[in-house]
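Multiple structures are listed underneath, in structure tokens.
Next come two complexes, and both contain subunit A; in the first it sits with subunit B, in the second with subunit C.
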Partner chain A sequence: MKTVLDLRDVSVDLPLGGFLSRARLPILLDVSLGIAAGESVALVGESGSGKTTLARAVMGLQPISRGTMSLDDQPLSTAADFTRMRRQAAMMFQDATASLSPRLTVGYLITEPFRIHGQPLADPETTARDLLAMVGLPPAIAGRYPHELSGGQARRIGVARALALKPRLLIADEPTAGLDVSVQAEVLNLLSDLRRDMGLAYLIITHNLALVRHVADRVVVLYLGRVVEQGPTAQVFAKPAHPYTASLIAAEPKPDPRQRRADLAIRGEVPSVLRRPSGCEFHARCPLARDLCRRVAPALASTGPGRMARCHFAVTTQQEQGEEHAVEN
Partner chain B sequence: MSSAVDGANPVRRGIGRALVADRMGLAGLVLVVAFLMMALLAPWIAPYDPIALDVKARFQPPSAQHWAGTDHLGRDLLSRIIWGARLALGIAMTSIGIAGAIGLILGLIAGHGPRWLDGILVLIFDSMSSLPMIFFALAVITVLGPGTATLIFVIVLVSFPAYARLIRTQTLALTQADYILAERAMGAGSARIILIHLLPNVIGPLVILICMDIPVVIMLEAGLSYLNLGVKPPSPSWGNILSEGYNALRQAPHVVLVAGVPLVLATLGFTFLGEGLRDVLDPRGAGRRWG
Partner chain C sequence: MTAIISVENLSISYRVPGGNLRALRDVSLSVARGEVLGIMGESGCGKSTLAAAMINLLPTGARISAGAVRLAGTDMLRLSPEDQRRLRGRSVAMVFQDPMTAFNPVLTIGRQLADFAGAHDPARAAPAALAAMLGRVGIPDPQRCLDRYPHELSGGMRQRVAIAAALLMQPDVLIADEPTTALDVTMEAQIIHLLRDLRSSFDGAIVIVTHHLGVIAELCDRVAVMYAGQVVEEGPVDSLFHDPRHPYTRALLACDPAVVDPASGRLPAIGGRIPDLTALPEGCAFAPRCGMAQPACASPVPRHHPGPGRSVLCHGAGP
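After this line comes the complex of A and B, so read on.
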């Protein structure tokens, strides 16, 4: 399949501030990621793992310090590149209501992409009505202001606006945040339908694992700005290779108390990016940590077809259930 | 529906009604409208020529012929007050209007433009506002000579930095707002972001500040004219009337009183209107001051 978005060794760092200080704080480290046409990739990780920063970097809102990015084989580096790519890629922000300009009507806001990119907009009302119909909203809503919308409506407006110019790639930052469960399901079904109909590639940023299972073909796990595991969603959930992924999955609330795994629970807080741990950055919280982990940082290595993990003791998919203990030697 | 889709600048609904419901705002609105009417209709409602002398009728107390009495040259005070409103409001609104426009443009540029430009502009704003207003005004008037144009020039110079700083702060806060980032992610250029998305959201506090500054400028104009540094006599400036009346305070106290009352009422009117607007436009910030 054709690659739509391709990131190679992308790093982002921020100036630490301070007078005449040149110190910089690494937020993302050597993230590589590819998304094929029609594919849906989920980016998961705790707060502060760099998920949103990655999305902003892709849209050119956050300059990258190293690495290369491309969309449909067009490089993304100069301002002109991003101006062009913003026609082909769209981003939905985490706070749907706050990402709508407060003094403008919904009708104006959802037709704005046409105005920005100088696309023909012969009949704004009809265009607005069609876009609203696509996301299942009544035409009357075109006359409303953002503060008059419910969270679900604002989210749908965000979807309509993002898809107005039929992009190739949609980046959705927490598309279900702040919605109640029934509305979450509606938004997710809407996104799935539109992907099927329009052949969109999705990059979905979330820490909601139920959402990942529901919509993502592949999952990429970030920890402190590094990819620690990636692979097909079903396989990663069935058999996580990295202990962090296993802990994240174990931390999901389960209705059946007998299925809860206390031994995999994550201990402690996310370490500060200001003081990164030595060796493997997860060692302080890892249930499998040894001496080696404290000294040597593991590399991202293949653990099976289409799967990668950054762990000295990664569970490889070739291994049988019984051989897993051999790792502990 | 068509207005909903095309309306790039929707007006916030119900401002007028809320302002009328606010008693202080209503009082301010009535006073301001009254002074505006007075200024606009001066040639028709003034009973006499404001600079016509009638020395025989000097220092007459208020009477049926001269409702507000006459001054030391026998000029009708009511006519002078009415024409004075035109002068005071004309100078205040022109100079504050120009200063507001300059402040708005420079503030938006400083807040949304590159960092180095922001640094230069802030340096200019800060140096301008560090000058003591009256002394600066005196210095400029000494160099350029007194007159209406000089007065407007001085007022513009001393007021625009406060407006520019207000707009810059508002703009800086909004530049990181989600909807501005969302606009950038959609590919919107700086012109579109500034004109369509920033401007309508930063202008509210500026309108309020301007409204509260108009009385300050009316007072400044009156003060400088009182010192014979503003509008040249025989023009009927409220400050001139006060200054001339002050010389004859014992002989004819009504002159000072009659010139003082409109000054006080205009000041109160614009201040009330500004406070009312502030409460109506931003109910969260009731009691908070800008500037």
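After this line comes the complex of A and C, so read on.
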């Protein structure tokens, strides 16, 4: 399958502040990530793990300090590269309603990307109507203002705007945050329809694992700016290789009073990027941590076909499959 | 079990430019000591208005058109000075979704906790007592936390401090309005764990308002489902989750992505949106979105009681 977005060893660091200080604070470290045409990849991790920073770097809104990025085999490094890429890749920001200017009508707002990119529209009204139809909204909505929309409608407008220029890749930062489950379903179904109809590739950023299961072919887990696990979604959920992924999955409250958890899956919080722990940066919260983990940082290594994890004691899939065969035989 | 707090036939509306917005309609609920009640429903259904009424903190535009909120038998919404004296020492405390709104940004945590605690009993405002309470809600290094400012804490830590502040008032009823909505799943799990620990040591009642079904299932004994200002279904958490009777409850439970098999490809959504609360129909407010709607649903809806402790507001729920 053809790769649309390709990130190799991307690192981002920010100035630590202080007038004469040249010290920089690492936020993302050596993140590599590929998204194939039509593929949907989810980026997960607790707040502060660097998800938004990665999305901003891909869109050229945050300079990277190391590594390479490309879209459809075209490098992404100069300002001109990013201007060109913004027609092929679109970003949907976290709070769709807040990012819509309150004084402009929906019809104007969804055709704005054409104006921003200097593409004159012969018939803006028809274009607006087509875009509204694409996201399942009636044409009359074009005359409304953002505050007159429901949460789900505002999110749909966010999707319509992002897709106006027919991109190949959509980056969505927390696309359903703050929505009721009833509306969340509506937005997720829209995203999967558009993917089927337009062959769109997605990078979906979220900390909602239930959502990941529904929308992503593959999942990439970040912890303190590093990839700690990645692999096909169904496999990762069925058998997480990294204890952090396992803890995240176990932390999700189940909507069933008969499945109450007795114990806490994970304690504490993500440490500050100013005080990165020694060795494995997850060790202070890890149920499996041993002395080795406090001293030596594990590398990101293969744990099975298409799967990687950064843990000295990662669960490997070949072995598990071997055992299963043994049981079957 | 006797109720520690009860809401009786409460109706509340807001004056808005379009007319009279009916945020609560004939709501009745009660919570017993030691019990955890969950209130769920989509945004705009009146959950926060109900929570605010239970702590007598309604916004100025709110008008109580009928009903009462009784704490130990006394109507909190219409307190005479004499009742206020009688009620001294009894209280309802609240934890909000964004704890930042409950704190003053320019005062230290210690100073603010002292104010909460000292309002009832100066002895409880001693730093050692405050630190002990912070320790109880899981703040690491409570002594140092007392000298910090709210913005220096993470969202999860602020929510713990807000719970500590509420408990320092030694309330009979603790109300938490979306206490985990702004948090990561890991911190949400920790707050659920904390609240669950508290219920065994805390002798009052807890009311949790949330639209997150997982939080209800993990924590609550009983659940009330709200739609368009009414309690449309109520019951023990196990029977309500496993045998929902109201089509709205069924739809809400069915569209939670956590229960839907990913292989099915699509998530069930509830089409449409909650009705305009300034122009409610005489019949069932859910009818336009309901897959089971019948012509009868356009007429006033009876409340049925399909089992012990259960009630359902639906034409289709009758015997």
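The rule is short, and it goes like this: the second predicted complex is superposed on the first by the 309 of 329 C-alpha atoms of A that agree within 3 Å, B and C clash if a C-alpha of one lies under 4 Å from a C-alpha of the other, contacts with A are read in each partner's own complex, and residues count from 1 in each chain.
By our rule, a residue touches a chain if its C-beta (ideal position, glycine included) is under 8 Å from a C-beta of that chain, and two chains touch if they have at least 3 such contacts.
Computed from a predicted model, the values in this text were never measured in an experiment.
**Q** Does subunit B (first) or subunit C (second) touch A:105, or do both, or does neither?
**A** first
**Q** Where does A:207 make contact in the superposed view: on subunit B (first), on subunit C (second), on both, or on neither?
**A** After superposing on A, A:207 lies in contact with subunit C but is clear of subunit B.
**Q** Does the superposition put A:290 against subunit B (first), subunit C (second), both, or neither?
**A** So A:290 meets neither subunit B nor subunit C here.
**Q** Tell me the contact category for A:143 with respect to subunit B and subunit C: first, second, both or neither.
**A** Only subunit B; A:143 stays clear of subunit C.
**Q** Should A:234 be classified as contacting the first partner (subunit B), the second (subunit C), both, or neither?
**A** Only subunit C; A:234 stays clear of subunit B.
**Q** After lining up the shared chain so the two structures overlap, which partner does A:113 touch, if you call subunit B first and subunit C second: first, second, both or neither?
**A** First partner only.
**Q** Touch check for A:185: first (subunit B), second (subunit C), both, or neither?
**A** Only subunit C is touched by A:185; subunit B is not.
**Q** Under the stated touch criterion, which partner chain does A:8 make contact with: subunit B (first), subunit C (second), both, or neither?
**A** A:8 contacts neither subunit B nor subunit C.
**Q** Answer with first, second, both or neither: which of subunit B and subunit C does A:258 touch in the superposed model?
**A** After superposing on A, A:258 lies in contact with subunit C but is clear of subunit B.
**Q** Just to be sure I follow: which residues of subunit A are touched by subunit B in one complex and then by subunit C in the other one?
**A** Residues common to the subunit A contacts of subunit C and of subunit B do not exist here, since the sets are disjoint.
**Q** Can you name the residues of subunit B that touch subunit A in the complex?
**A** Within the complex, subunit B contacts subunit A at residues 1-2, 4-10, 12, 177-179, 181-189, 192, 196-197, 200-201.
**Q** Looking at the complex, which residues from subunit A come into contact with subunit B?
**A** Where subunit A meets subunit B, its residues are 56, 59, 61, 83, 86-87, 90-91, 93-95, 98-108, 111-113, 116-117, 124-125, 128, 139, 142-143, 145, 161.
**Q** For a test of understanding, state which residues of subunit C touch subunit A in their complex under the given definition.
**A** Interface residues on subunit C, with respect to subunit A: 42-43, 154-157, 184-190, 192-193, 211-218, 220, 237-238, 241-242, 251-253, 255-260, 262, 265-271, 273.
**Q** Give the list of subunit A residues in touch with subunit C in this complex.
**A** Within the complex, subunit A contacts subunit C at residues 46-47, 150-152, 180-186, 188-189, 192, 207-211, 213-214, 233-234, 247-248, 251-261, 264-267, 269.
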